[in-house]
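Each of the next two complexes has chain A plus one more chain, namely chain B in the first and chain C in the second.
Then we have the complex of A and B:
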C-alpha cells in the first residue's frame, strides 16, 4: 500500500479539483474545494517549518565539518534565526522586523537587480553581433524594441513606437501563443498521467 | 579600432553611471506618448462609479520596485481621486511594506481612512491555492485578519466585501514580478468568476502579456517604467516615472549605440 494509497489519494484530489475548475459547481453547496485549499495552506505552513529545520541542519553540518565557504553558513543560520525569532515576537510588520527588511533586504535586492543595467550594456557591445541571419533578425528586433520603450525612438524617427508596437503585437503575440499552447498541452498530458496513476515518480524511488 | 576591441568593460560601466547621474541632476523632460494599453487601464478606472472596489495584487519584491512603485502610486492616486475603495493583497512575502508605505502616504494626502477606503490583507501564504480560496471567502483565505492581525469584521470595507468575486470587486489590477501573479489572477479569478482585470507589468514581461491584451482578457496593461510615466501624464501629475524615463532613455540610447559600434568593429575586423 506504500504506493497504492498515495496514488488513490492523488487521483481523488485531482478529480475534485478538475471537476470544480472545469464545471460550474455552486460553492455554497459544495465546500469540498475550500476544504482542500485550507489543507493545502496548512501543508504550506508545515513545509516552511520543515524547510527552516532542514536548512539549519545542512548549514550547521557545513560549519561543523568545515566545508568550503562554511563562514557563509554561519551568516545564513544567524540571520535566518534572528529574523525568524524577531518576526515571531512582533510579526513581520513589527518596527524592528520592518527596519531589517527596509534596510537590508530592499537595498540588496534592488542593487543586485540594478547591476544588470551595467552588465547588459557591456554585453550589448561584446556579444550582440549580426553573425547569422537569425542573429541579425534578433538584433534588429531588440534594437527597435529597446529604443521604442523610451521616447528616444520617436525622436529619431517619428513612428518608431508604432514599429515597436507592431513587433510586440504581431510576431511576438503569435509566437508566444504558439509556445504557450504547446506548454499547456504538455502540462495537461503530464497531469493526466499523474491522475491516471501512470506517472509515479513523485512518490520517490523504490527501496 | 584595436583599442575599442580591447576596451575594458569598466569604462562602459563608468559611462552608464555618468549618463544616469546626469539626468538626476539635469532632467531632460522628454515627451512621452500614451499607448492604448495604458489608456485602457486609465479608462476602465475612470469609468468606475465612486465607491467601487478596486483589488490590487502587489506581487513583487524590492528588485522591481523601481518600475512598479511609480505604477502603483499613479493608479492609487487615480483611484482615490475617483473615490474608489481599495483592497490590497500579496502572494509574495518579499513585498513586505513596499506597497503599503506608498498607499499609506496617499491615504493621508487624500484624507481617506484605513478600513473604509483601504484594507491591506498583506501577505498570506498558499499562493495560487489561497487566491482561489479568496474567490470563495475572503475571511477564510485571509485567516480573518488584515496585515496587522486585526479582524476583518472591524472594517466597514471587508464587512461588505465577502469574496474576490462579483459583485463585490469591480476591477483587479495585478502588479507582478513573476509567478504567482497576473496569469494566475486571469486563470482563477477573471476567467472563472468574470471579474475584469488589468496588469501593471515590468518591461521584461511585457512581451509575455501582450497576447492577453490582444485577446481582451486584460482590459489594459501598464508597460514598465514607460507605462508608469504615461499614467502619470494621464493623471496630470508627472512624478518619479517621468524623471526616471530620462535615465532609461539615455541608457537605451547608449546600449543602441554600443550595439551599432560593436557590429561596425566586428565587420571591419572580421577578415583580419
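Then we have the complex of A and C:
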C-alpha cells in the first residue's frame, strides 16, 4: 500500500499517457489526453495550497521562536494572506489585486532580474581572469554576440553583425545541437527509468 | 515629477531592490520577502479561479463529470502529511504527477529529438556545413561517457567538443546579458523619465 501501489500508479500513468499520445483517436468521446491534462492541472494547483500552508507554518514558527529575521516573517505571512484573500475575492484580474500586481510585484520582479545584469557582467570579468582557453572562447563569443546585437558593433568594425550572425548560425548551432540532443536523451532516459519502475526517489524515505 | 501613487510605489520597489547592489540590507529584505509572499498568494488564487473552481464547481458538480473526483481525492491526500503517520498517502498524488510527467516526456520529447538529429544530416559541400557537422559530432562526443576520455580519439574529439560547447554557452551568455539589460532599461526609464520627468 505504501510503496507498491504508488509505484503501480506511476508506471500505469506513464504507460497510459504514452499510449494515448502515440495512438491518439480524434474522437469527441475519447479525449483521454485532455482528461489527464485537466487532472494534472487540478492536482498541480491543489498541491500549491501545500506551499501556502508550509510557508505559513515555517514563518509563524520563525516568529514564535524568534529566529533571525523573524520580523520579516510577520510581513511575509501578513502580505501573503492579505493578497491571497484579495485575489480570491476579486480574482487576480480584479481592480485592487491587479493594481498591487502591476505596481508592487511586477517592479520587484523586473528589478530583481535586472539586478542580474550587474552580477552577470562582474561574473564575466571574473571568468576572464581564469585565463583558460575555454573561458576565453566563451567570453569572446559573448562579446561578439553582445556588441553585434547592438548598433555599436558595426560602427566600431564594419561587418561585426555579419560575424555575429555567422557565429550564431554555424558554431553556436553545432554546440547547441549537441547540448540539446544530450538534454533530450537524458530526459528520455530518466522518464524511461520512471516508467520501468527503476526510479522511485519520489516515494521519499523508507517509512 | 509624477504624482501618481502607483508610480511612486513602483519607484520605491525599484530603488529598494537596487539597494542590494550596495549590500544586503533591511530595505531589500522587505521586497525579497514580499515577492515570495505575493507570488504564492497570486499563484494559488489564479489556480483556484482558473482550474479548481471551474473543474470542481462547474464540470464535476454542475455538469456531472465525476471523473474529477479522482484528482480531487488525490489532491486532498497530499494534505495527509499534516496528520502524523499518514503522510505516505500523499505519494499517490506524487506518483500520478511523476508518471504523467514521465509519459509526457516519452511522448513529446521524441519529436524534437528526431528533429534535431534529422537537421544534423547535412551535405558537407561548404565550409560552414563542415564546421557545423564537426561541432555537432564533437559536442556529442564531449557528452559521451561510455568510452573513457583518455582514449586518444575520444580525447581529441571531446576537446574540440568542449570548445563547441563553450562557444554555444558564450552565445547564450551574451544573449542573457542583453536580456537582463533589456529588463534594466524600463526600470531606468521609470526612474528618470516617468518619475522624475527627465528626458523625452
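Following the convention adopted for this analysis, the second predicted complex is superposed on the first by the 187 of 207 C-alpha atoms of A that agree within 3 Å, B and C clash if a C-alpha of one lies under 4 Å from a C-alpha of the other, contacts with A are read in each partner's own complex, and residues count from 1 in each chain.
Criterion: a contact is a pair of C-beta atoms (placed from the backbone, for glycine too) under 8 Å apart; a residue touches a chain by one contact, two chains touch by 3 or more.
All of these numbers come straight from a predicted model, not from anything done at the bench.
Of the two partner chains placed by superposition, only chain C is touched by A:50; chain B is not.
In the superposed pair of complexes, A:23 makes contact with neither chain B nor chain C.
Contacts of A:130 after superposition on the shared chain: chain B is touched, whereas chain C is not. In the superposed pair of complexes, A:101 makes contact with chain B and with chain C alike. Of the two partners chain B and chain C, it is C that touches the larger number of chain A residues. By the touch criterion defined above, A:75 lies against chain C but remains apart from chain B after alignment on the C-alpha atoms of chain A.
Residue contacts after overlaying the shared chain place A:141 against chain C, while chain B stays out of touching range.
Counting contacts by the rule stated earlier, residues 21, 38, 40-41, 44-45, 48, 91-92, 101-102, 105, 107, 109-110, 112-114, 117-118, 120-121, 124, 139, 142-143, 146, 149-150, 168-169, 172-173, 176-177, 180 of chain A appear in both its interface with chain B and its interface with chain C.
Within the complex, the chain C residues that touch chain A are 6-7, 9-10, 13-14, 16-18, 20-21, 29-49, 51-52, 55-56, 67-68, 70-72, 74-76, 78-79, 81-82, 87-88, 91-110, 112-113, 116-117, 119-120, 128, 131-136, 138-140, 142-143, 161-178, 180-181, 183-184, 186-187, 190. Of all residues in chain A, only 21, 27, 33-34, 37-38, 40-41, 44-45, 48, 91-93, 98, 101-102, 105-107, 109-110, 112-114, 117-118, 120-122, 124-126, 128-131, 139, 142-143, 146-147, 149-152, 154-155, 161, 165, 168-169, 172-173, 176-177, 180 touch chain B in the complex they form. Residues 7, 9, 12-13, 16-17, 20, 30-33, 35, 61-66, 93-94, 96-98, 122-123, 125-127, 129-130, 132-133, 136-137, 140-141, 147-149, 192, 203, 206-208, 210-211, 214, 223-224, 226, 245, 248-249, 251-256, 258-259, 261-263, 266-267 of chain B are the ones that touch chain A when the two sit in their complex. Chain contact summary for the complex, chain A toward chain C: residues 2-3, 5-7, 9-18, 21-22, 35-36, 38-53, 55, 69, 72-73, 75-77, 79-84, 87-88, 91-92, 97, 99-105, 107-118, 120-121, 124, 133-135, 137-146, 149-150, 166-182, 184-185, 187-188, 190-192, 194-195, 202-204, 207.
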